[in-house]
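All chains are identified by letter, namely A, B, C, D and E, in their written order; residue positions are counted from 1 within each chain.
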Amino acid sequence: MTGTSPAVVSASKLGLTFQTNDGPVQALSNVDLTIGKGEFVSFIGPSGCGKTTLLRVIADLEKPTSGTISVNGMTPEQAREKRAYGYVFQAAALFPWRTIERNVALPLEIIGLSRAEQAERIKRTMELVNLSGFEKKYPWQLSGGMQQRASIARALAFDADLLLMDEPFGALDEIVRDHLNEQLLELWERTNKTICFVTHSIPEAVYLSTRIVVMSPRPGRVTDIIESTLPKKRPLDIRETPEFLAIAARVRDGLRAGHSYD
Amino acid sequence: ADKVTLQLKWVTQAQFAGYYVAKAKGFYEAEGLDVDIKPGGPDIAPEQVIAGGGADVIVDWMGGALAAREKGVPLVNIAQPFKKAGMELVCPKDGPIKTEADFKGHTLGVWFFGNEYPFYAWMNKLGLKTDGGPDGVTVLKQSFDVQPLIQKQADCISVMTYNEYWQLIDAGYKPEQLTVFNYSAMGNDLLEDGLYASEDKLKDPAFEDKMVRFVRASMKGWKYAIDNNDEAAGIVMDNGGQDENHQKRMMSEIAKLIDNADGKLDPATYERTAKALLDQKIITKAPTGAYTTAITDKAIK
Amino acid sequence: MKQSAVPVATILLALVILWYVFAVILNAPFQRDLDRRANETPGTVEFIGKTLSQPKPTLPAPHQVAVNFFENTFLRPITSTRSLVYNAWVTLSSTLLGFAFGTALGIIIAVGIVHVATLDRSLMPWIIASQTIPILAVAPMIIVVLAAIGVTGLIPKAMISTYLSFFPVTVGMVKGLRSPELMHLDLMHTYNASASQTFWKLRVPASVPFLFTSMKVAVAASLVGAIVGELPTGAVAGIGAKLLAGAYYSQSIDIWSALVAGSVVAALLVMVVGIAGRIVDRAMGGRPA
Amino acid sequence: MNWLKPSWQAVLAIVLCVAGLALGAIAAPKVDPLAQPAGTLIYPYAATNWLIFGALLLAALISMARMPSIVEAVVLFIGAHLVAWLLIGGISGFEGLARAPYFLLLTAAWLLGWRCVAVLSGLRPMASWARSALRLIIPAIFGAWILIIWEAVTRGAGIPFILLPPPSAIGARIASSLPVLGADVRQTIFKAVIFGYVVGSSAGFLVAIAADRVPFLRRGLLPIGNMVSALPIIGVAPIMVMWFGFDWPSKAAVVIIMTFFPMLVNTVAGLVASGHMERDLMRTYASGYWPTLLKLRLPAAAPFIFNALKINSTLALIGAIVAEFFGTPVVGMGFRISTEVGRMNIDMVWAEIAVAALAGSVFYGVVALIERAVTFWHPSVRGG
Amino acid sequence: MTGTSPAVVSASKLGLTFQTNDGPVQALSNVDLTIGKGEFVSFIGPSGCGKTTLLRVIADLEKPTSGTISVNGMTPEQAREKRAYGYVFQAAALFPWRTIERNVALPLEIIGLSRAEQAERIKRTMELVNLSGFEKKYPWQLSGGMQQRASIARALAFDADLLLMDEPFGALDEIVRDHLNEQLLELWERTNKTICFVTHSIPEAVYLSTRIVVMSPRPGRVTDIIESTLPKKRPLDIRETPEFLAIAARVRDGLRAGHSYD
């Protein structure tokens, strides 16, 4: 890490072991990681390698069993209580008794925003994820991708400085995905948020990130951290440049190395 | 031996000592009877039990028996061990009620479940309304204890001379601190514990004979119980009675109601009871054939 | 289990203190009456002492109940009709029988309602109506009728328990059997699973939280039913019989110790159902909260 | 055979009917009390005997022909109810004299009624008014048959009036005692039940929340809450009368105790019913205890809470009525039941029970409707 | 369609309208489609365009409100009753009270397979999706991608002739995805199954399919059907051939045309 900007997330020797009915499962082991303010860090790695677990530790949804971690210089718990981050779960986790609109409003109600401001933010984020017109529908009346977009809208409406996103665009087609990638980059640039982003798409990781963390499974370790040399401004067609492809190749290699196939 | 099932009106207590004594002392056996005594309870209606075929003979108050007779269960009084009524209304002397004239505007505890007829007959006679208005009395359906008086929820409550009255004494009231309105003494009593059987069955001479023997042995039991107060109470205790001292006291009070233990029904009291029930529309027409003296005549020669 | 000892004890202690206060307050008027009639004027401490030692108090003091409870539980042979253990056992046996029948009946009815449209439409309203019939009113008639056809003893009491306990199970299980996720139902649909396969493999496991919750309510209702059922049978033995006998003679201490016995039995029964529920949940891979 | 569509109910009905024919008279004759030469016998069903057998066989046979379901239902409806009507009409004056064919015919008619309900349940009408009509008609026919069988059996077998009166007598009693019933309902339901239900359910709910909020209370309060569950009405009612007087407040207190436990248990179970991810979501918002409760856990608990409200709607009624067996003013449904039993007015007892059943069903129905509206999102309501 | 092989799915003028609290939503309109035996058809289209709905109609989980559809020459209902297809849902839909192994065994229990045969199939499919070692875990002890793989294993163990797969590989990383793509192709080739496959990945669609159905949203219509000219044997590096890229471009164009952005 550059060291100039203050660390938002800083983990050292982080480990986590789940106790299960048939023995312990080591999900994270010896993870050292520092994320500075304003960084866009992608996590990539084979299924089951511990990406979600790492995000959950940062979010204080899981307690590490070894090592230390701090968020904004505090414990994750304190950071959570200060509402330091917004979280997009791997599944949509919408409340079935609320319409889409009221689902997006949920965090806003909790932080006690006025009705008017709620309405404004809902409108803005629903437009951003292209769900206008579905405000009054219930979650089960939406397609899988639409539900995922609603959950992204909910996190964006919350508007925290740190965004933890667990495969937010997994269920979206390429075109919507490109669109949302652009929007996310634009938002990140404009607001100087720090973003931790789990994805399975190498191009997506390279396109979005300032750094790419490659993980390997059982126990989840960080095998490679790749700094992006791409400029901050990134048109979509940057993805055809050799520089981009070189980074992508390096990520792919890192990924393959940690894999159990071939 | 011939089987006879007797259904009592209430739980096992000295009120029914005669039957338990007759069984324990072998009087029934001597008559060739095998008697099964079923205790009752607050929500057992002996009339229903006999109608359902669960008993051959029941202990009942005449009010209930005549009402059931009108509803198609042809009950016939075959013997009347209790000559006098045990029910009375008691009021603490330090309360507002000293005489009948003081009732107006006060709350009185009354037992229902067929035990309310003497009370209503009495109020009828006094010309008091029972709807809770200022010109009448407020009636409280009393549960099977004396709490309403202790809690001062009622100004007077119903008691049996042989039972709840003594609970008041136990609770610290002295007899001289209580005003007692005894239904028998006032001449307002309705017949209490009698033996009733089904008219249809009585047509069968064999059954009638069985009843004769049953009544004879029962009255022998009553006589023995009266003469051996404490032993009778002990027998009641053996059959599930509660509180031995209480049963002894109850036995001696019951003895005063039994009188000469011949079990014969006094037609005059019967007529008065029937009339009072008629007046209150508990029954709609004067009953006929509701009692027979044939059994007691044969039983007690 | 171990961690609950202190909280339970604390709360019980609070209740006992409250109980003493109420005992003094509620027994005071009658004690004052007594003293007045006896022309006595005791001091405050003596007066409070007297309110807590009446033989037939309005509200017995905890120690009076405790002594009575102890005597009737431990100092009598458990075969004695005066032993609370004996009476509790009598009540418990018809409770358990009725609970078993009630749960089975409740589940059967729920299964019928969930699977057969005719039953769903026609039966439910009448089951509800049946539950509004006050048992205490019909119990004697049931028992009279049953006695007339020769059924006596445990069965009539258990039937009243059954009557009271099947309804919570039916209501809970109808909800529980209908609670699987639609996607899970769709999945079974794609396998063309038979109704019974869907039932056993999906509806039943999904209904487990509802089942055990309902069973807790049902076992309590069953106990109430068993106690009520003891009254019209002549109240020979059982907690209900103790209550009734106490009531005839205003022996409030007896009543309260029978009530305590009933409550202890209830708490144990509910706890057993709760533990059974937890074991089943564990066996089903339940995720710790 | 394509025009034939046998149903087991109709076939069995025909078998029973034939068996009835073989066994002879429907009911025994009796001596005419008025006839001049004393001892003359009069016979029941003299005029309607063949009509009954004919109608039954005809309806059963026709119903098996292939035809629109609605026509089949109508044929069955008319056949079953005509036979029932004639049977019950004919037995009057001959109560208790019924013989085996009477009961066989009754069973056969009931089978046709059953078939009728089955056919109606299979209908899927398009019009919404027809659907709601069916929703009413099906339970109504079912209920009507409970009453028909009750009436026919009590009268046919001559069951003593004071054991079980026929529904017709109960109906007549209801019609003639409306003011009394009204006063009783006001005393018992509008005072004791509603108050006790609201307070008892709320108390169970609040204690569950308190136990959930404070772990100390959870461990201490729940076992004690369980003990409350078994405080039997008969034990508690006299005590409540002692404490709260003999008027309705003591009954309400009993209802409170009875309704407390189901709500406690269900709320506790419901509060753990929300999903893990949803709870994690609320944690990421650093949502406090109360917002999480209000916005996530209570909605997720709603199906359980409504279960308790439904169970309580009938428990409250039983509780209030039974509590009135102890000490009451001389009005109220429980008072009436216990006194009228003593007076052998069993028809009045059943009249009160009928009113209680009606009130309880309405109460339950209202709760169920609110449930549908509030938990519209739950799979059990969305259709599963 | 070639017309030589018998139609497995044949829809004409298919339409479906959902009634919701705030008015009807037309999810499918006028869909004409024939799928022959042994075909591998991919469905691609923007989020919410009706792909899932179409699959559900084929599977008899939803009734069309207009038009006709037949499966194996029968109504979808009859086909379902004959257990004509296996379905992989967009979400994993595992039973939380069963271990992974028992979840995979579920359809096998239902069709009444012997214990031994169940064990054999479970072992085979669990290996196929690379979940060996997780047999005794409960679903909530698995990562998102692992759950999805378990649900694929469940469908493959069922072994029906028609496979309906709704974004089965959405939550998987590129490498696992490539691996499973290969495995699926191999299985398809070997068993001559018919596969209907919903995906958001254009390369995946092109790599796997014999035909690609491009759909456009609200109301869901079929805008293009692209026959693949690729050979049946497809090594992974076929994805760099110009032929492949040409088809992919055509799909991308079709997709973009139906989109509301740009």
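We take it that a contact is a pair of C-beta atoms (placed from the backbone, for glycine too) under 8 Å apart; a residue touches a chain by one contact, two chains touch by 3 or more.
Here's who's who by UniProt: A, E = ABC transporter ATP-binding protein; C, D = ABC transporter permease.
Quantities reported herein were computed from a predicted structural model and do not represent experimental measurements.
Peer 1: Could you run down the chains that neighbour chain B and chain E together?
Peer 2: Neighbours common to chain B and chain E are C.
Peer 1: Select the chain at the greatest separation from chain D (ABC transporter permease), using centres from the mean of Cα atoms.
Peer 2: Chain centre farthest from chain D (ABC transporter permease)'s centre: A.
Peer 1: So the centre of each chain is just the mean of its C-alpha atoms; given that, what is the distance between chain A and chain B in Å?
Peer 2: That gives a centre separation of 86 Å.
Peer 1: Distance from the CA centroid of chain B to that of chain C (ABC transporter permease), rounded to the nearest Å?
Peer 2: 35
Peer 1: If you average the CA atoms of chain C (ABC transporter permease) and of chain E, how many Å lie between those two points?
Peer 2: A distance of 54 Å separates the two centres.
Peer 1: What is the distance in Å between the mean C-alpha positions of chain A and chain D (ABC transporter permease)?
Peer 2: Averaging C-alpha atoms per chain gives centres 56 Å apart.
Peer 1: Multi-chain contacts only, two chains or more: what residues does chain A have there?
Peer 2: Within chain A, the residues that touch at least two other chains are 21, 91, 138, 140.
Peer 1: Among the residues of chain B, pick out those that touch two or more other chains and give their numbers.
Peer 2: Only 42-43, 45, 48, 52, 143, 145, 147, 151 qualify.
Peer 1: Going by the contact rule already set, what residues in chain C (ABC transporter permease) reach two or more other chains?
Peer 2: Within chain C (ABC transporter permease), the residues that touch at least two other chains are 58, 136-137, 140-141, 144-145, 181-182, 231, 244, 247, 285, 287.
Peer 1: If two chains touch, include that pair; go through all of them.
Peer 2: Applying the touch rule to all chain pairs gives A-D, A-E, B-C, B-D, C-D, C-E.
Peer 1: Which residues of chain D (ABC transporter permease) touch chain C (ABC transporter permease) once you look at their complex with the stated criterion?
Peer 2: 117-118, 121-122, 134-135, 138-139, 141-143, 146, 163-164, 216-221, 223-224, 226-236, 238-239, 242-243, 261-262, 265-266, 269, 272-273, 276, 303-304, 307-308, 310-311, 314-315, 317-318, 321-322, 325, 333-334, 337-338, 341, 349, 353, 356-361, 364-365, 378-380, 382-384
Peer 1: Taking the touch rule as given, give the residues of chain C (ABC transporter permease) at its contact with chain D (ABC transporter permease) in the complex, in rising order.
Peer 2: Residue positions touching the partner: 3-4, 6-12, 15, 26, 58-59, 117-118, 121-126, 128-138, 140-141, 144-145, 167-168, 171-172, 175, 178-182, 185, 209-210, 212-214, 216-217, 220-221, 223-224, 227-228, 231, 239-240, 243-244, 247, 255, 258-259, 262-267, 269-271, 287, 289.
Peer 1: Under the definition above, what is the set of chain C (ABC transporter permease) residues touching chain B in their complex?
Peer 2: Its residues touching chain B are 29-30, 33-34, 37-38, 55-56, 58, 81, 136-137, 139-141, 144-145, 147-148, 231-236, 244-245, 247-251.
Peer 1: Please give the residue numbers of chain A that touch chain D (ABC transporter permease) in the complex, ascending.
Peer 2: 56, 59-61, 80-83, 85-87, 89, 91, 93, 95-97, 106-107, 109-111, 138, 140, 158
Peer 1: Can you list the residues on chain B that touch chain C (ABC transporter permease) in the complex?
Peer 2: Those residues of chain B that touch chain C (ABC transporter permease) are 11, 13, 38-45, 48-49, 52-54, 94, 143-147, 150-152, 167, 170-174, 177, 240, 242-243, 246.
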